[in-house]
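Please go over the structures that come below.
One chain, chain A, links the two complexes that follow: it is found with chain B in the first and with chain C in the second.
Our next item is the complex of A and B:
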């Protein structure tokens, strides 16, 4: 049952972007086109899942060594190296996907949603399986939010908005309305 | 070095939040009361100054291929120090900011100043730059906090003044809870950005008129 409630929370009722305000930079930066948003979403999901796995192992090690207060430093280094490794691996083995993701891959290091997921995993003392599920589901929640937002933005760009609202302000207002829709999920608990 | 220009850049013309749109996550998420805003602003300012100084001092030692990793490690070190200090001395603030304190590591402002300024300038100039950008971030944060707190809970200075309750300005029943929720964060930020765009455009026009008049 806990598994199910973690998935629902990460996807909808506690969506990392629209409810918890994490990962806003890529959410605003890479949402001009749906294709780019899809690429970013999948890349983030992948890195989040992998990071949950690796950071869980690192965290157990830190607890063993009595160094748990170093978690922030350790986690960010793990995430940075995962992103670097994934980038190198994709460039060698799957160049098609590498070209599609392009500049978004290195950007994931500074996506605060990834760091937040592993910090929450550590804080709540999730087991390995729950950490993995939480990482994957949070990534999918990010994917859902960014794709929805990108499709909204493609429409908003065509609309005739007042001069001072052009660009970022109207996008934020659109994001606000999307967040309002997600507020409807907030009562969902299992 | 022109310190006055650096200060104005940080506060207005290149304000990290309102103009460069950096550090939006924390600016949106914790801007629900004046206490949070000031606390977060000061924490980020201190970290930016410290990391700017250290990175600027080490800028000739760090090889450029691994500089980002080195910067992040330095920043993470300072963030951990601040995190532990807050937990020990101001537990209320540490509790209300929660996960957003460790998340300063990935705040684009700190890394952006390290890469964009401290890696190219001297120690003193970098320290001043960190201070100015930090003040700009704090000012933007406090502005958004004040608006959201006033419209959302009808108070001013919650967590700080009047024994933590804040001074009530709007009577109960008028404020909309929604403004302190995520929805309000996005909407208020959108409106503040629109206002700042309107303001900068007007300044530009006036400057052009002045130049044309000459």
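Our next item is the complex of A and C:
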């Protein structure tokens, strides 16, 4: 049951982008086209899952040495390294995906949603399995949010917006409305 | 003591990750062809997509693999083609600059009482999304009476990265000094009105209506009715009339401008001569949507 509630929370009621307002930079930056948004979403999902795994190991080490207060610094180190490693791996082994993700891949390093996921894992003392599930579901929540937002923006692009609202302002308004829609999930508990 | 452990642990972790990354960069090292960078430098880096590849680097890769010809870059033109030829060691063909031409002169111009002075009539009031691709799908070929004419909602204007195209009196007009010929506008135009032409020419046939002459003259004051006067008067046989529409073959045309003077509808335009007296007297409409009302 806990697994189910973690998944629902990460996907909808505690969505990192639309409810906790984390990872807004790639959310706004890479949501002009659905295709790019999909690529970014999957990349973030992958990195979040991997980061949950690695950071769980590092966190156990920190607890062992009574250094839990160093978690933020250590996690940033781990995430940055993972993204670098993933980038190198993709470039060599899956150049197609590497080209498709392009600049978004290193961007994930600075995505604070990734850091938030591993910090929540540590804070709630999740086991390895639960950490992995939380990481994966949070990533999928990000994917859901960014793809929804990208489809909104594709429609808004075609609409006749007043000059003062063109571009970023109308996008931010749309993001706000989408976030309000997600507020509707806030009472859901299992 | 605690601080020492913290330093040692984080230092150790950093060292470990650093070593892993250093090792990984050896394992996953990807060889890139140094010619690729040289090719990239030949291209203008505008990433307009006019060549059909994903940005300039995509085109450079295709050239390197021999998949693409050297003449695809409209912005770089001849210069880029020659420079790339020097890098890949191939013979370059001379690339001539092209510019976009919007084949419509149907400004939706009305006098103060709402009578059509020049151009194509509007069918009714269109209140939908201001986008040509959307408007063109509205019942019966869009809000314009002429089903071939420019809708004037500026989808091509949005597509142009060089600010070379604008809407004047409800019809898209290309600024030939700014146009680089990438034809991004042509790809988004639902009416397929925009074609690449030689910038050196004076004479253009600014209409794309293949409807019968009777139909065309009913819906537009400046539509080609296929009368063939231009063909008869052309000293070089450069004009053909197919599907009720006159077309100039620029390989034969010598820009004499006779067709422009004889055209009864004044849709053949000679940039050397102001041959549009009735259009010149119309006050410029600042709001292109007026024509749609």
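Rule of thumb we're sticking to: the second predicted complex is superposed on the first by the 190 of 190 C-alpha atoms of A that agree within 3 Å, B and C clash if a C-alpha of one lies under 4 Å from a C-alpha of the other, contacts with A are read in each partner's own complex, and residues count from 1 in each chain.
Assume a contact is a pair of C-beta atoms (placed from the backbone, for glycine too) under 8 Å apart; a residue touches a chain by one contact, two chains touch by 3 or more.
Remember, it's a predicted structure, so these values are computed and weren't measured experimentally.
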> Touching A:19 in the superposition: chain B (first), chain C (second), both, neither?
Replying inline: first
>> Touch test for A:28: chain B only (first), chain C only (second), both, or neither?
In response: first
>> Going by the contact rule set out at the top, does A:183 touch chain B (first), chain C (second), both, or neither?
In response: first
>> Output check: A:58 vs chain B and chain C. Expected answer is one of first, second, both, neither. What do you get?
In response: second
>> Between chain C and chain B, which one touches more residues of chain A when both complexes sit on the common chain A?
In response: B
> Where on chain A do the contacts with chain B and the contacts with chain C coincide?
Replying inline: 70, 73, 77
> Which of the residues in chain B come into contact with chain A in the complex?
Replying inline: 21-22, 24-25, 28-29, 68-69, 72-73, 76-77, 79-80, 83-84, 99, 102-103, 105-108, 111, 178, 181-187, 189-191, 193-195, 197-198, 201
>> Which stretch or stretches of chain A touch chain B in the complex?
In response: 18-25, 28, 69-73, 76-77, 80, 109-112, 115-116, 119-120, 123, 163-173, 175-177, 179-180, 182-183
> Hey, which residues of chain A end up touching chain C in the complex?
Replying inline: 58, 61-62, 65-67, 70, 73-74, 77-78, 81, 84-85, 88-89, 91-93, 95, 158-160
> Which part of chain C faces chain A closely enough to touch in the complex?
Replying inline: 2, 5-6, 9-10, 13-14, 17, 20-21, 24-25, 27-30, 129-131, 134
